[in-house]
Amino acid sequence: MLPPEAFLPTQRRPARPPIPSTMTATLDPRLEAKIRTAYAAQGPARLLGLNIVSLAPGRCSMELPFSEAVSQHHGYYHGGIISTLGDSVGGAAGCTRAGIDDGIVAVEFKINFLAPAVGEKLVGHAEVVRAGRQLVITTIDIVSVKDGVEKQVALMQQTLAVLAGMEPAAQWGV
Amino acid sequence: MLPPEAFLPTQRRPARPPIPSTMTATLDPRLEAKIRTAYAAQGPARLLGLNIVSLAPGRCSMELPFSEAVSQHHGYYHGGIISTLGDSVGGAAGCTRAGIDDGIVAVEFKINFLAPAVGEKLVGHAEVVRAGRQLVITTIDIVSVKDGVEKQVALMQQTLAVLAGMEPAAQWGV
Amino acid sequence: MLPPEAFLPTQRRPARPPIPSTMTATLDPRLEAKIRTAYAAQGPARLLGLNIVSLAPGRCSMELPFSEAVSQHHGYYHGGIISTLGDSVGGAAGCTRAGIDDGIVAVEFKINFLAPAVGEKLVGHAEVVRAGRQLVITTIDIVSVKDGVEKQVALMQQTLAVLAGMEPAAQWGV
Amino acid sequence: MLPPEAFLPTQRRPARPPIPSTMTATLDPRLEAKIRTAYAAQGPARLLGLNIVSLAPGRCSMELPFSEAVSQHHGYYHGGIISTLGDSVGGAAGCTRAGIDDGIVAVEFKINFLAPAVGEKLVGHAEVVRAGRQLVITTIDIVSVKDGVEKQVALMQQTLAVLAGMEPAAQWGV
């Protein structure tokens, strides 16, 4: 196990303010139902316990509880698992800006690990910074929660492609 | 020239709030003098007119005025030049968290272009999100200013390495 | 399920030639034993079946068999899981260039998804492109294997930090 | 000036083999003329002396001669300028896979700096790793040439978007 001194203190910065209400008009309930159903059907969600905490236009938060399955050999959350959370929450935020029958796929992402991640859960907060017809760009903050205290552990930028009309809501029973 | 319709509207989001005053205690004047002198000595600064607008602990803003030298064949700011601004302003923000005799070099960065950049100037705002003994991570927003109106045109994450004691302030006459 | 036409053909390019034998002198057996033991102890390895196929100085290959746990809602390998494979195989390649008692942690990575990943397994090939005292840079190709036919599905660049003396081989019984 | 010992030796790896002739059928002369004309018209090309060395389907090489304009305060090539070369050569390689009347814009890129760049010129080699109708992915190696000796100084991954029919060859007199 690496001693805590192996890592350096992380500079905390204030969170972004909430999106103005003009941007956060309630999400279309059918779109919300489609996104929740689709994400619940994914292997990692079922297997790792990844779940959607909140969903609004251009935003999504997801949680991942700690388990042996998500830790690496030092007892920290595994970097690939942190990325899985980030990739998922960014994709779901992107879906809120796509059409009800559109699909979304990740084109690429980049993640910086800021501090070792320990604690009872990880929370990812994703925000759409640009929504186009073909491409959606998101930014994602990932925080760990240990004994109720939050610490930012990773920062991500992600590019998504919109597959227009390629994933009909009907296939999810919506 | 590409028509404006080639590009999609950019979703604007609120800026991050200012860093609390506990984090923005005035920058050591010697460190500030060293950073300003070193950046003014760079080729791109002199050639392109890149200059530091503000400098505070963990933060820097720089401006780049429009000129033919920074535009590509459609009349927009060239992507590589936008990156040059971003890489520079991130490096300067990182220097504010290093020691007076340390050097800073960029290890890597990633940039997403959000919208075509036009207008009288580009402004880059960099913020340190993690400052360690060996590595400093920054995030950078780049906005264009056209007829006084701001628009975010790029988003960047950058990793810097601290070269402890490798760039004495004395060499810059500080 | 998205139809195959949703995705575009991938341009194949020839693989890099093997590293010259002067670079691939046999790996120190103790270092190899340490790396294999440490990676086998990780949650994702045990849970997902991720395993080391080959290990040489500056290089590693790992395999991940298909299972429901690694697929997303379209039946493809989940992007986060592809990243987990990439992050792991890059880290292991990096370990071959570190000292026997050093630790390795990922600082950041960037991944491009090139094509949807289907088939009986994923294979990741990592290569060290720069090995320094403090930082190691790797590049990773990820291919899917379907009915024995390989297709490149992702491309990654990764930065690792060396934690000198922070993970003694003895703790892994080596 | 930082002493050379500040930097660590770079591990060299063999270059990728040439693309098979089936992939490198001669480039359409009109497309080649359009790309060469468009790039020669860019500010950085004219100002910095950036020029196309070779162009083939899916590939491009460009050179940038040393000058004060491209160096930073230690006398090395400036990181932003290295990125400008990389972004340009990747974009030109991408153009070879687009239609004669299509435009290409960079969506994002990521660059790792491997070693300080010094010498009489920089050369960038770009290769398309995936060419789709909407997105083109490239990888770029950047080498410095000092006294005729090559050293890899940066590695890049880039995502380009195809703007179908948005940049008619006729506007370049082709």
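Order of writing sets the chain letters: A, B, C and D. Residues in each chain are counted from 1.
Heads up, the rule we're going with is that a contact is a pair of C-beta atoms (placed from the backbone, for glycine too) under 8 Å apart; a residue touches a chain by one contact, two chains touch by 3 or more.
A quick note: this is a predicted structure, and the numbers were derived from the prediction, not measured.
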Checklist line | Steps in the shortest chain-to-chain touch route ending at subunit C and beginning at subunit B | finding: 1
Item checked: Chain of greatest Cα-centre distance to subunit B -> C
Item checked: Pair sharing more residue contacts (C-beta pairs) when B-D is set against A-D -> B-D
Check: If you average the CA atoms of subunit A and of subunit B, how far apart do the two points sit, in angstrom?
Finding: 27
Next item on the list: For subunit B and subunit D, let me know how many angstrom lie between their CA-based centres, rounded off.
Entry: 23
Next item on the list: Give, as an integer number of Å, the spacing between the C-alpha centres of subunit D and subunit A.
Entry: 33
Checklist line | Residue list for subunit C, restricted to those that touch at least two other chains | finding: 107-108, 110, 112, 134-135, 157, 159
Next item on the list: Please give the residue numbers of subunit A that touch subunit C in the complex, ascending.
Entry: 1-3, 6, 38-39, 41-44, 47, 67-73, 78-81, 83-88, 91, 103, 105-113, 116, 163, 166-167, 171
Next item on the list: Note which residues of subunit D are touching subunit C in the complex, please.
Entry: 7-11, 13-20, 23, 58, 97, 110, 112, 114-115, 127-135, 137, 139, 152, 155, 157, 159
Margin query: Which stretch or stretches of subunit D touch subunit A in the complex?
Written below: 107-108, 110, 134-135, 157, 159, 161
